[in-house]
Amino acid sequence: MLDERQLRGWLRQVRTGRRSIASVVRALHTPSASLGFARLDLHRRLRRGLPEVVFCEGKTPEQIIQIAKRLVAHREVVLLTRLSDAAAGQVVSAIPSLRYEPVARMAYWHPGRRISRRGLVLVTSAGTADLPVAEEAVLTLELFGSRAQRLYDVGVAGLHRILGEMPLLQRARAIVVVAGMEGALASVVAGLVRCPVVAVPTSVGYGANFAGIGPLLTMLNACAPGVGVVNIDNGFGAGYLAHVINLGGRS
Amino acid sequence: MLDERQLRGWLRQVRTGRRSIASVVRALHTPSASLGFARLDLHRRLRRGLPEVVFCEGKTPEQIIQIAKRLVAHREVVLLTRLSDAAAGQVVSAIPSLRYEPVARMAYWHPGRRISRRGLVLVTSAGTADLPVAEEAVLTLELFGSRAQRLYDVGVAGLHRILGEMPLLQRARAIVVVAGMEGALASVVAGLVRCPVVAVPTSVGYGANFAGIGPLLTMLNACAPGVGVVNIDNGFGAGYLAHVINLGGRS
Amino acid sequence: MLDERQLRGWLRQVRTGRRSIASVVRALHTPSASLGFARLDLHRRLRRGLPEVVFCEGKTPEQIIQIAKRLVAHREVVLLTRLSDAAAGQVVSAIPSLRYEPVARMAYWHPGRRISRRGLVLVTSAGTADLPVAEEAVLTLELFGSRAQRLYDVGVAGLHRILGEMPLLQRARAIVVVAGMEGALASVVAGLVRCPVVAVPTSVGYGANFAGIGPLLTMLNACAPGVGVVNIDNGFGAGYLAHVINLGGRS
Amino acid sequence: MLDERQLRGWLRQVRTGRRSIASVVRALHTPSASLGFARLDLHRRLRRGLPEVVFCEGKTPEQIIQIAKRLVAHREVVLLTRLSDAAAGQVVSAIPSLRYEPVARMAYWHPGRRISRRGLVLVTSAGTADLPVAEEAVLTLELFGSRAQRLYDVGVAGLHRILGEMPLLQRARAIVVVAGMEGALASVVAGLVRCPVVAVPTSVGYGANFAGIGPLLTMLNACAPGVGVVNIDNGFGAGYLAHVINLGGRS
Amino acid sequence: MLDERQLRGWLRQVRTGRRSIASVVRALHTPSASLGFARLDLHRRLRRGLPEVVFCEGKTPEQIIQIAKRLVAHREVVLLTRLSDAAAGQVVSAIPSLRYEPVARMAYWHPGRRISRRGLVLVTSAGTADLPVAEEAVLTLELFGSRAQRLYDVGVAGLHRILGEMPLLQRARAIVVVAGMEGALASVVAGLVRCPVVAVPTSVGYGANFAGIGPLLTMLNACAPGVGVVNIDNGFGAGYLAHVINLGGRS
Amino acid sequence: MLDERQLRGWLRQVRTGRRSIASVVRALHTPSASLGFARLDLHRRLRRGLPEVVFCEGKTPEQIIQIAKRLVAHREVVLLTRLSDAAAGQVVSAIPSLRYEPVARMAYWHPGRRISRRGLVLVTSAGTADLPVAEEAVLTLELFGSRAQRLYDVGVAGLHRILGEMPLLQRARAIVVVAGMEGALASVVAGLVRCPVVAVPTSVGYGANFAGIGPLLTMLNACAPGVGVVNIDNGFGAGYLAHVINLGGRS
Amino acid sequence: MLDERQLRGWLRQVRTGRRSIASVVRALHTPSASLGFARLDLHRRLRRGLPEVVFCEGKTPEQIIQIAKRLVAHREVVLLTRLSDAAAGQVVSAIPSLRYEPVARMAYWHPGRRISRRGLVLVTSAGTADLPVAEEAVLTLELFGSRAQRLYDVGVAGLHRILGEMPLLQRARAIVVVAGMEGALASVVAGLVRCPVVAVPTSVGYGANFAGIGPLLTMLNACAPGVGVVNIDNGFGAGYLAHVINLGGRS
Amino acid sequence: MLDERQLRGWLRQVRTGRRSIASVVRALHTPSASLGFARLDLHRRLRRGLPEVVFCEGKTPEQIIQIAKRLVAHREVVLLTRLSDAAAGQVVSAIPSLRYEPVARMAYWHPGRRISRRGLVLVTSAGTADLPVAEEAVLTLELFGSRAQRLYDVGVAGLHRILGEMPLLQRARAIVVVAGMEGALASVVAGLVRCPVVAVPTSVGYGANFAGIGPLLTMLNACAPGVGVVNIDNGFGAGYLAHVINLGGRS
């Protein structure tokens, strides 16, 4: 958590008397003292290789705008998730450089001219109703620099739809499987490929889906190994995990 | 619940004075008055086409023996389910004509010389550990008069194992799918066939199987229609349901 | 999954040189390549004997309209389930040949002049509030070609209502039992008949109904065997299963 | 909680100077000061009309013996519930006047010569495996002074067994229904009678019984009103409640 | 289920030839054939001593009006529960003799001039927010002919509020305890009285109330015996059960 | 529960004949008889050191206004929790001296000129979306007389944010940790300090938060001891508990 | 996490050249490098004021012995929780200075001659079966230096038992309430006192106790504020929390 | 699923007449026809890059021995998981080349002389009791060819233990976090690193761990992204997933 180079510099200054002992003690005790508003974790990129992302549920549009403006000012990637249409209207008029994607309920801004995209992550979904979650994963992947390819509506009720895409499945370096109903697609895909599978249960389905618990349990119990599960409806989390698998943390 | 022919007979006897009004009133009020010990539902075969079956958990060996002896005395099929090895020892020495199957934990006796078996029910299981439940279904089917065929260890982690049996799947009049872990096999099979699928979740698997809740939810949420679910580990119930589907209630 | 006759034809053409090896390899790899928009499973009728059905929750009216139009163009049965009144308005004005049933929340279209209905499936419900689910089952049965008969409001709080219909119960080839509250009707009916019972728990009732979990558990635990359970409020699934039981997959 | 007559006496003594103010203050603060060992609630009979009962799970045989001896010394009814065979051996050899019933797992002693039994409570059970809980209810009723009649093995899979006992059902002043599996018997009985029904779910059954949650929900959701539910496997609680209903608290 | 006197009459007519055998056979097969619209259980009063009650959730105003009109025509008590304000408006303008109580969400009509009220049932509630459920119980009791007395806002956070009412508690023949939050009031009341306690958990409280599961479990686990639990928020069910306890089924 | 000094005074008056025995008997039986409307627990401050607080969910604005007016009339602190914006409008126009805080959804009034604040309680939150619950705790603390300091947005995804505040954490006499998502902040904080930690799970997060069950379990399972958990989203309860820890019940 | 005094010393040595910059960098990076075997958190007393405690479930006797020996060697308090009788035999023969308490399933050793005990914590339990958990709390309190007083078997089924101890309840600085069954004792106690209440649900009771979930929910929902809940059966955690409340972290 | 090269060969033989059309049709229909005993998925290595693993719970020692012998005969890696000590004794005496690790409950055999290990996966555990699961992950990683390093007993109750290992954490290509209790370690680690984190909840802890549900929810809700969760206690699944992340499926 300490930037070693900076610490060595400070200590050299202590030795030469150009820096007081008190200032070092203070700095070591409060590594985030200078972060300012809302304790934005601007060091996260240094530590994790990817910037902090803003989960918008439960935040007011004003709070979102202030956080996003600060990120833009630092020329840091802005990624706002779970942003409702209503809030998006206010946020985007305040910060017109943001782009809003209503299906994925995300808004984003990237400081670079264009994002180079590398590797290959496949994002598959079992049904049309899983699209919002799948799109959240796709946008996350693309914004962070992974190449993403969509493969939608390939549920196990019609197996040939997924079996017909074997060559594509075999090329991917990670596969995101988004599925509601019973979530069996994750097991089936994992049984066919060698790369890691990131499974996202969704809250789509009849009664005993129980807001996603049904497919969540299916995916945790997947008889084919190689599956890592993220939270219900958490397309962003799936995209993030698939991205670090795809690029090994090199963003 | 009234045998119409008998009732008409009684009423004719009332009209001719050969039967008292009181005896008819009494008979109509207590249709099971003559059942005797333990209220054995000996009329069940008349009503449902199949005999009563004895669920042995929570019963003492002595109780089981008395019930079974009474059934044998009526020359009715005996089917004892969930019979532990220990209890089976006592029961079979008391009634040597019973045959005990330790894997299925069942003992049975059939009054007929040989049982003719008709139709075709396929019993599939996802893994070797699901065998006791699958065998319970197979024995139930065979004892009641359905032809049963086993297709074991065809879980979705290796799809070609089940896809390679398509001709067999297409011939069955009902398919029992026994699966623990995540239970995805039921969805996959239902997506491939036209006959009804009877799904049995089992309590086999890692932690989040939750004693069968995991595959139970998977099967209830199956995205392919045509699946009827029975209770966790209830191989007998699956065999019974598949039998009445197979033979249309004609045993 | 392979249409054997077609495959033999291709292989004969390979032998005679009229078909290239490459084209066969490509076709075998991608059996669904030519399906076009949204991976509609148009082969489902070939495989399962019944067409694909469109579950409308989570889909936009535009998506529903496009799928339905494509089905009509193939002269395939259209069955839209869980279609809200609002969405139905848009969909039916776009495709006026569709007929909408608001109680069952379904819209449908059949390419044939009239549907011949065979066999007999009884659809029973415990209370008036279970009607939407029961009607969903009835419409599904009738559209696929089963004869369906309604027997509503026969809950176990007044047993004579169901006991008075014994002759009807005995004639059915399958019985759908729709029940909320405690769901005891499924056990009671199954104890009276020889045909298979398809049980549908509904989310109707006081607090401890828990959105259908109460009757779901009742039905899974039914002490009378011969009951197959489908998902909570899933009238379509019940109708589908009862139909394939009734007609043995011959639609 | 204050015995009014005694309080008035004390105040009169205060007025006449025969009692100090301090003693009244102390007595009002500690109404249970004289209870002695283990805070046995010997006043419970005064307050509730029935004595305290000893729940033995989690108590050592020594603790049980000491409590029971103290009750005998006060010539109070002794009722030990959930007493295992092993513990019963020790307890009964220490207090030979206790009588142990192994099926109900209870031991008891009554100070009176014989207990007069009044009213009528019917104790019904769905299956043979529910017997231990049903017997716990019967013994509780009889020890407290209610007349109890057994009606066992009348589950709803064979309705005529319970319908055949209508005259008996109509005579009871309270009915205890003990049922595992799906617990539908409570609804059916409540729909047939005018007296209150006390329902006891049991943990007997296949997987989705979930240690009694299945029948518990069934009974709470019973569509026929007039049912009060007690805890899973709590035969004693059912007997107690049925007793106070039967005799209106007059033991 | 058979009215014995009527049956004897029929049989006498058969003997004398004034009644055909066929008509008796038909009547015995269909005891409810003549019930007409919606299978109203008009025989319920004969069997259970109280009329059928209409649970309005999930029914349309039109359905409710038709049922209520039919009951009024038979001069039977009308009791409509869970009737929303909106539906009540329509129903009451169609049947002006109905009286609507918005707090209890009930409407009712009684054919008699005035209802004599007997016995005494106490209805206690832990907090002001439990009022709608408590009032549902009070109205049910009064309409059926029990004398009901309210004792509200006596939660255990201020024990003296309930302890100060001991004389009243001791006089009641049944006590209804309505409580949300943690539901401890049922245990405390049951520990103080000799009459049966009917406990109703409510869905009022902070997060871990879990829509009433918290107080439901508390009440089922009550360490003081003599408590019968009804469904969450089911004030009607509590009133019904307390009424039959109070008057022993004599309405 | 008895104010000893007053009791001694009454008894002295009995002795001197200035007070009747009857009046003492009545007073001892009904310590809350004179409370009037809604059984307001005005004695709570005597017993618990803090006044009763009004939980507004499920109460009408009229009920809230009457209760608050009565408290103001007694010059008692008024604290209204879970007060919606809509209800607050009505309540505050009826009682203009009340101050409403929309983020915390609380209104309050204090009879004193200014509240002296003592000790130190830290209120930390994991994310911005947990603010309403955290503010509810802060206001409760300040109104009752504890000094509260906010430390927001210090979730464990960026550990340095909390580690940088060690000196502050070490000074507090109690720490409230408000956290949704996975709730890990409570464990981390408890591992760093010696004072008690009050943990509040919130219902903020993706699907498997399950309305707060996720962080609730995390906090109950905290591997660092010294953590007491309150109900989901219960900021008031956390503030109250932290206050009595901070000041040892001396308000 | 940094001992500030030591850091200042190091920095002074850096200034004077007596300590190398590299050694400071290394020490700051690895504050626990010298901890040795099993990463015993020997600094915990410095940070939290209390030593690390050893939870023995899932550890072999050999592992426990090695950890305990190391703690004794550092003259640190040893506290082993959840130590089975079997393991205790081995552990105590290896380290005879340990004292084992079988009811509480704990073994301990204290380096001091005698422990001075301050403050007052009351440990109350609802029933005799809750004793093991209550004793775990008492021993923890006493070993850490709090004065503890037992008040057992005061469940709410006999309220006078707890009301009779009001003076004692009012003197405590913290009260631990241990309760299984429905756990209502926590609410009742909290309603009577001004000090904080630490509630421990136990897994003692009939079926719907659900291994402690019943009383856990009761305690979380307690309508009287001032209650902090710890994990099911976690007597140690309750004792620890009550201790830091009692002594404000000054051990 | 088709080996393209082989298919092209067959088609060329068809063209040249050296292969019959029938044999191609048959082969395409039954790709697994030649698998023999127990449908061992020997093609899994071709498809997934790793061999099939044998989950031993619910299998008899005889079944395990037969499967393992067949794998050895194919010179395929053998990995037996969840193998009890008792079963291991029988299995290892039948196949002495197997090596059994009792802590991890695994037995294995590798056909190669030595396994080259590449990359770096860190396996961290929160407490000593989590060791069996952690060791299962380590052995899986090493057998498949990943380099694994242990970092045990670094729970969040003593944060410096994990913070002191930052350089090691930063070097790993994947990190497995094994944690029971509350499972907060996964969030903390994920907040510190850039590589993917594989989280395994364990069933170790006090009551509200609920056999692993507690840490499972914590991990699914982790506020730091980059975490993929596997099933409770599933060390093998975690090792498998971490391995394919580490080596990109190149074993």
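Going by the order they are written in, the chains are A, B, C, D, E, F, G and H; count residues from 1 in each one.
Heads up, the rule we're going with is that a contact is a pair of C-beta atoms (placed from the backbone, for glycine too) under 8 Å apart; a residue touches a chain by one contact, two chains touch by 3 or more.
Bear in mind that the values here come from a model prediction, so they are computed numbers and not experimental data.
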| item | value |
| --- | --- |
| Both-way neighbours, i.e. chains that touch chain D and touch chain C | B, E |
| Chain located farthest away, centre of chain B as origin (C-alpha) | F |
| Interchain centroid distance [CA atoms averaged], chain A/chain D, Å | 58 |
| Whole-Å separation of chain centres (CA-atom averages), chain A against chain C | 38 |
| Where chain F and chain H are represented by their mean Cα positions, the distance between them in whole Å | 49 |
| Multi-partner residues of chain H (at least 2 other chains) | 1, 29, 127, 157-159, 163, 166, 191-192, 205-206, 208-209, 216, 220-221, 231-232, 237 |
| Chain-to-chain touches, reported pairwise for every pair that qualifies | A-B, A-C, A-F, A-G, A-H, B-C, B-D, B-E, B-H, C-D, C-E, C-H, D-E, D-F, D-G, E-F, E-G, F-G, F-H, G-H |
| Of chain G, residues touching chain F in the complex | 1, 47-50, 53, 163, 166, 173, 191-196, 198, 216, 220-221, 225-232, 236-237, 240-241, 244-245, 248-249 |
| Chain A partner contacts - residues on chain B that touch it in the complex | 126-127, 155-159, 163, 181-184, 187-188, 190-192, 205-206, 208-210, 213-215, 217-224 |
| Of chain A, residues touching chain C in the complex | 127-130, 152-154, 157-161, 163-167, 204-209 |
| Complex interface listing, chain D residues touching chain F | 2, 4, 7-8, 11-12, 14-15, 17, 21, 24-25, 28-29 |
| Interfacial residue positions of chain D with respect to chain G in the complex | 1, 29-33, 35, 38-39, 41, 43-44, 52, 55, 57-59, 63, 201, 203, 211-212, 216, 231-234, 237 |
